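Think of it as A, B, C and D in the order they're written, each chain with its own count starting at 1.
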């Protein structure tokens, strides 16, 4: 797994004795140190538990020019928190060898809507139910979600169907409402809401962290690190499309993120082709592609009558289409790329 | 000013009598209605105070197929909150005909650092002082700011120099600490933290809203609308670079945003060439360009010893360089593009 | 299939008689005309053989404000050239129900290199052989290809293995050298080299047209139209990644292009995960994803010793890895998304 | 000026004697060699005339693992062609201390149009006349330019006004027609048409090279290097906007390119705010910004009746607007950033 490290840049022509002393001390502190020299500078690359290091003290040394946290190139770092890559939520396991299908409406709109969709996605093979109660919307005049009432309806649908439930949090103060929600989702717009991530690091519950529309793969891992560093190792990553110049789709779904995240981290990886394309007709082919690429699961928006959905209706598929998607995805599952 | 509007899509071949009745009712409700026909559909475009409209009721009408909030193309909408475009903060005015220069360190690090920078930027012509106490950082291992202590130091620097101060908020719960801060900054990563924006709409204080790195000009205006709609008309917009494929600069500073925002809104517009380029050597030429393009002010990171800054040191300029920048910017000011 | 059309904007309040006359004349000329009215203007949307229309004459009419060619939204246009979507090349068929695997080195380097790779990819299941003789390189100091000599070696490899061959053209004057090449490739950098495309419209040979790194799906179709309009209907489209802010991969492979191109055009669609990711370790998972999404074939760079390749070695896989890729791709083929 | 260099990666634990011998030989050959060691490898960084080096021979040495051309980080390389950064064209000088204003229509449409615009831009202060005879257009059904006839009209306008003329080449075979054209423009779509660039390296005429919409600043310099390496040192660079997710403007004008190109190269730098914004209302503020940032000149599209232009009419300004732009630009010129 990629891990942040510290780079310590020494001043030019550092005193040899002091340098040796510093190296000895760092190794004694448990750091793995690699030294890089070039004509102009010497850089020490430190991996290990940097949380216990006094950076200010390091900076104060007279042979040190600069200290900064950064990332290892492509090499694995020594053990830290070591999440095992299997996240259990309400009876199902992400990353444990089974395909997880999270399906449901973008927003919870009413009991009639939700109960109907919940039952049909369960029948069609969904293993978890999703539904938004708090909706971050670009315009203040767009539908903002049913809030507390939406959470209640979602929990009722959980009872009705037995499916574990996933819902998005948009503000710290909502946290108590999520007590019985099985997986807390952090949406793309909040991927770098670091205060929220820190708090979720102290929660004993799976967190589904979506990649921001303008964030790199490494930034997604650094945001995950905010949660892991707090002690919560139940993090599930999710690719949901990035912002590019292409305007035919709402976002550009970056399926390279699947093998990239698998190479850099043990965490389970999901794909959301609904937000990733923004067009219902593209959801199923991209869902199959995600499974073939080795994703551990899918997040699919399903609506009984997409054209009337209060938000993002143009990307929702019907329960019938979802049944067909789930069937095809399970057909491909045995032939997927394995990590 | 661009304003969100509602589009009402009628079902095909709507009953003529019912359509006439609907139009009459909407006009009676104070809406300005434009009707668009094409071969396939009739669309009503509504501008006016849509807050008072029951969307669900509209949707329930049997001639209505769909209702959705959206934006007017390029035409001005009727009066709403009508901010006058001048925002007063601690004795200075944004958008009132004077060039405002906000300068200071990225992060408040110590009293010695801050007091020294504050005095030198004042002497060099800064009209407000900036300094971050809460720093949103990509990595959990990077310096996160001095928090409450940073705010205290900033207020002390305000007393020392007489300069009004600007600082960034990253979480709702920090709000009480900002009581004596003159301008509350919402950073790029929080441009779509809608819960925060809603709360700032209820605050009687200028808000400096920065454009997100992956957000369009219109999305910036919609985020501003979250604050305006809450009743706070003291919003200052700020262009600070967007994320593109170009890697020589940290972001691509989009100076077209200046005339675009001026055309679409009366709000004052600032430019931040420090984050916008990420390279100290590029800050001054881009600052002059921003002034020539008609920006109302600049946000400049200044550090007494940039190479030792705890964050973003590579983009900070020295107090001496800032003095020269301020001088050149004031030389160009009389020849700038006028709106 | 999407087709370019003409939009004719009438002046405001056009004379009714003249408008009727114009409409009658356009229909008589064989155009399919749709009329759009709104409060401000009347727009005629013309589909049909606009090649035969005198645009200047139309513009000169006193009721016409503007004439411009553009694209139909999402609706199919009437028959033009009507490619049937099956392209035959040297005994194989693209779009005919079989998976086509084009494999080989980025650049032809020597007979020893090429003959060795050609035989191993054939044994591993490739159906065509690729190899570049003319290489467009960002730097003038990078290896530029063996040119004429490279074409000769490729033809020798064709004879040796019986595989049809694919090679890239970078300049019109090279055309005579491609006489015995089975498929002429137009690379991403030349997707909008319109003079080259026009000439290839007059060639009786399949053209593999790659999407430019900064071009939209619709622009790719318009470039294809340059070839189709010249009378050559043997066009194969290829997605190979677009340029985005993500830096972990060389490009962002946009697999949404597969269903999008299938919806908008009957032409066969290939995917190149080698250029699309720029990393050998990502090629196989993305290749499987492309097949699952319904692509008609793959373009894969294979090299006997990737680390010594003269160009793009970091994205080439070995013949052994290709064998495994081909095997897995054929396993998924029966379960792919069907159009 | 940035220059391509070679990196030679030695195998791990190279024989010390052989390494010393290699270093001695390289220095003897005139190379400037820097050696970088780290735990895993030794890399030699070579600057100097690498054209005279036999790369294959280097590769064959048993201590060498890999050889590849690349770029120096940020440091200047030793003298090569050394363009002095002043390009003379038809009596005017780019980069010589005067502001150059190139103005004229996007496309030459008729003598009446061209002569009228040419005379008005001259009167308004233009120092060169532009006009396209060969137009690269996204759609094959869009106006493609008057070709040979357009060049003739442009030369007639040159005679009429005395202004030197600039026109775009789109294909090698057009070159003889450009004999009396003062500056040959290579458009954004051809920035990486390397065969064309190589040929222009053998022409004794100024080349105006525009940055591609998806190309980085360094790629622009490498394309310039294709021309310089051929012996033609009269290269003028031009920023004209890059492709991003922002849709309000046609492109995002990247004014950071001005100081970046000035830092990395001695070549003159122009800015084209017409293509850079795609909106007439944005052209003047961005033109002033470009001058303030230190550009050596501007490229402005002017049309007598923009709304009737056969191409790109929405970004052209009128002769009157150009007069005002030229006046304001000259006002700012003395206060611009200096390099």
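Remarks
Keep this in mind: a residue touches a chain if its C-beta (ideal position, glycine included) is under 8 Å from a C-beta of that chain, and two chains touch if they have at least 3 such contacts.
These numbers come from a predicted model, not from an experiment.
More contacting C-beta pairs link the chains of A-C than the other of the two pairs A-C and B-C.
Interface equivalence for A-D, evaluated over A-B, B-C or C-D, points to B-C, where over half of the contact pairs coincide by residue number.
As a whole-number value, the distance joining the C-alpha centres of subunit A and subunit B reads 28 Å. Subunit A and subunit C have centres, each the mean of its CA atoms, that are 34 Å apart.
As a whole-number value, the distance joining the C-alpha centres of subunit B and subunit C reads 42 Å.
Listed for subunit A are residues 214, 243-245, 247, each touching two or more other chains. Within the complex formed with subunit D, the residues of subunit A that make contact are 34-39, 243-245, 247.
Against subunit C, the residues of subunit A that register as touching in their complex are 214, 216-218, 242, 244-249, 252-256, 258-260, 263, 276-277, 281-282, 284-286, 288-294, 328, 331-332, 335-337. Against subunit D, the residues of subunit C that register as touching in their complex are 4, 6, 50-51, 55, 59, 65-66, 68-71, 136-142, 144, 170-173, 189-190, 192-196, 198, 212-214, 219, 222-223, 225-226, 229, 243, 307-308.
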